[in-house]
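When the chains are written out, they are named A, B, C and D in that same order, and each has its own residue count from 1.
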Amino acid sequence: MAEARRTPLLPREDAREAALFFVVAALCFLAALTGLATRAAYGAAETWAGQVQGEITIRLLEGGDTAATSLATMLEELPGIQSAIAESREETEDLLTPWLGENLPEDLPVSRYIAVQLESGATEMPAAISEAAEGAGFQISLEEHQSWARDVERSLGLMRLTGMVALILLVTIVLSVIAFATHAALLARKDVVNVLHTCGASDRFISRLFEHRFFSLGLKAGGIGALFALLGAMLLFFAAKQSGDRSWLLPQMSPDIGTFLVLLATPLFAAIVAMVAARLTVTRALGELS
Amino acid sequence: MITEPRFSDDQPAIRMAKVNHGYIKGDHVLGDVNMELNPGSFTFLTGPSGSGKTTLLQLLYAAQLPRNGKVSIFGIDTSTATRKMLTSVRRRIGVVYQDFRLLDHLSAYENAALPLRVTGRPEREYRDDVMELLHWVGLGERVQAKPTTLSGGEQQRVAIARALVNKPDLLIADEPTGNVDPEMGERLIRLILELNRRLSTTVLIATHDKSLVERLEAPILRLENGMLMHERGRIG
Amino acid sequence: MAEARRTPLLPREDAREAALFFVVAALCFLAALTGLATRAAYGAAETWAGQVQGEITIRLLEGGDTAATSLATMLEELPGIQSAIAESREETEDLLTPWLGENLPEDLPVSRYIAVQLESGATEMPAAISEAAEGAGFQISLEEHQSWARDVERSLGLMRLTGMVALILLVTIVLSVIAFATHAALLARKDVVNVLHTCGASDRFISRLFEHRFFSLGLKAGGIGALFALLGAMLLFFAAKQSGDRSWLLPQMSPDIGTFLVLLATPLFAAIVAMVAARLTVTRALGELS
Amino acid sequence: MITEPRFSDDQPAIRMAKVNHGYIKGDHVLGDVNMELNPGSFTFLTGPSGSGKTTLLQLLYAAQLPRNGKVSIFGIDTSTATRKMLTSVRRRIGVVYQDFRLLDHLSAYENAALPLRVTGRPEREYRDDVMELLHWVGLGERVQAKPTTLSGGEQQRVAIARALVNKPDLLIADEPTGNVDPEMGERLIRLILELNRRLSTTVLIATHDKSLVERLEAPILRLENGMLMHERGRIG
């Protein structure tokens, strides 16, 4: 007797609780995975947006390689521009081979391209570049954007939205399931509550029993769900790696600090939700009891 | 002051004034019942099956509130008391339920110790007392057994031990000897009598057990058709 | 009394059951939605694959518009080719404007392109085309595929895979939750089972009580889940419509017979799973009882 | 033949041969118990609380199987019988549990009718019989009440009605009058006696109720320290 551990006042190891545990874990798993996916979609969309916004192609209408190089050097000194690289005539000719064959006449004027990489966050650069170039007497045209990139961006936006909706849905489901289950557990334990009550237990005492129980259930179930989500994310990550660079349209899941924050938040969130649900349910039920 | 009611000798332990109660609209399980139990008194409650004995007892440990009239326990009106006040009242009452109401996942020892545990007292303070009490009711060998592995009479004895364990000011017992043999019944009643004499515990026992009632000199209340009558002796 | 409906032998309207109902409905909702999404992804991938495989671009290295037109006419007669359209010199020149400006020298030889649309299911066409063209003395090169289309296809394949994995996962979760919950319900009702048993109820009688209960629970919960999935799919469909043709990269959800089959299968599947889980659990539990 | 056992007069209704039983390794709640009950006999079983009366009865309605020895009901050995055979044996036995075991979601009427309902018989065939029986045990007014709204004694009477409703060949009752007043107890026992006389139902009643045992001439078995003794009369 002396050193025996005390039996918890709420029955443990209940099959009902095993089912609940499983459900909460499964839902947390899905929620964490959706969270990660949504986050990745956001990341991909931003990367895309960044690339698209960050790259400007300038076509120099007149002047040869020298003009292109001097324009590139000039542009590189403008604030907000990371790099500006002029293509040589050979590079452009290579691009044209399918149409015109190998031997272009030397005297045919060919436009030069300058690939400008903007610094992230730089705005209104097209106008600044046009101004600078025209001020220096260059005749240029700007290609800020490629239409298919816009399409990709829009598609990613839709995926992102879908992810957000799924996430909100899952979180709502987790919330309701936990609240429902707490309520059910309390009803199933009405006899215990009643006995404790008439034995002189205060409302806080009884409520705390349930709060602790459900807090730890949420924490454990959420933790296991998050763990499996981590495994799932890693699987997807490697699957994406396997398919190589060619899957650039898909959001990439890369394990970073954000990933771990999402995974850490899941069990904590589940635990707190479970505890609050327990507290509200118990307090209301006790009020009704007498 | 009011949340920690003190026990004063010049007021009754229990008082029912014009209590009218029932479950369905129109029925009267209790019809204008008046009663008082003085501190330290020992009283029986009898009456046919279904006459309302359990109902009356539930009013006296605040498991129900009366439809009409007033029930006071230790001077506290159960209908107007706060939940906190009722909790502290309950800590001074021991109850033996007709259907035992033991917690199946706790051992006999833990069930008996429950009223002490819920107050937050450390176990070492009361362990020996609880063990002694369980020995006294004949369960010394079964302290670690779960209620589902106890016989009917053994369960009833755990329920009695739980009601007595915190030396209550008021003991309410509903058919406490229905499942034990006459010898054990006598032993249990003697235990309750001892508590009544040594600690001035007020005792009210509902019972059908003729031989039990006959062996003791205590006053008898009889409930029939919603009315409470003195069958023997003056109450209080 | 006379016409009173009989109370079911298994307690009804149990809070635990409400929670279970909710969980099953939510999971069925997710499963049905994932099913629809996976199906749409499959559809999109196939469409893409069809498009990509069905289009061949032929570059005619020598000869002018007339040669291109006659090659196109010849190719159109080959079995397995739906259409072959020759681009004129003007169209090609338009493409080259960014590089070479508006005024190309008339004598510059410019390649002609012929867009060949294959009939679906036609295989080994590149070889047949090369043979036919070379047999007729044309000098051509074939561009069977566009690299970005391959990328898109591969990305869709990965999405499809993810969808399948998610679907399998959800179905597994639904299965386990229902089995778990049935087991829990049975344990919670052990008293009822015991009483029925000693009152002379046969094993089949008891088992059927649970089977019926869980079949109808699965049917109803699955039905509600499927209904919400339909709503969700319609929302996504309209969202996709809203964003116009530009979201061509996303699988489109269009309501067709397959959609309704998926939605119909969900509740039936849930009901059958629930019933089988109930039956297995009850039979095993009864065996243990005595 | 074997799955539908017939009742024959020249074999005992119940037979225990060298039955040894207990719950924990080494304990002997029952130690080598031998007993026979002849068809149509009426017997009491007494003994101190915890002596094993409920255990012995559970062996007799096949809720437990004996650790050693043989228990036969209507000539069928419970240890070797198939589940189907046990089901058809159970349909010929009525049991009153010490803790009632009513189904809380069914009304008093539905609880009492349960043994008939599980056989699949249509309700109209037995409705009137069940209602009459409930009237007889004094529950005519409460047929639609759920067990949780019944008093202890009322619940016990529903349990008795359920055990009698299919006119069993064997009635096993564990403390059937512990929660009713002596008048009601007498009435219930008279009902059981009538069944015993009119239908030759074999009856075995475990009880602590001294006055009940004394009022009737029936033989008494006494269980103590794992041994079964004749306290009064010859059994069978």
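Here is the rule we use: a contact is a pair of C-beta atoms (placed from the backbone, for glycine too) under 8 Å apart; a residue touches a chain by one contact, two chains touch by 3 or more.
Just so we're clear, the structure is a prediction, and the values are computed from it rather than from any experiment.
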From subunit D, the most remote chain by mean C-alpha position: A
For subunit A paired with subunit C, centre-to-centre distance based on mean C-alpha positions, whole Å: 24
Centre-of-Cα separation between subunit D and subunit A, whole angstrom: 67
Centroid distance [mean C-alpha coordinates] between subunit D and subunit B, Å: 31
Junction residues of subunit A - those touching two or more other chains: none
Contact graph of the chains (line, ring, star, complete, other): ring
Chains touching one another, given as label pairs in label order: A-B, A-C, B-D, C-D
Partner subunit C, residues of subunit A touching it in the complex: 14-16, 18-20, 22-23, 26, 30, 59, 61, 92, 95-96, 98-101, 105, 108-111, 148, 150-152, 154-155, 157-159, 161-162, 170, 173, 176-177, 180-181, 183-184, 187-188, 236, 239-240, 243, 246-250
Contact footprint of subunit B on subunit A as seen in their complex: 1, 6-7, 9, 11-12, 191-192, 194-203, 205, 286, 290
Residue numbers on subunit B that touch subunit D, as the complex places them: 23, 46-50, 53-54, 98-99, 138, 149-154, 156-157, 174-175, 178-185, 208, 210-211
Parts of subunit D lying in touch with subunit C, wherever the complex brings them together: 61-65, 83-84, 86-88, 90-91, 95, 101-107, 109-110, 114-115, 117-120, 123, 127, 131, 143, 162, 166
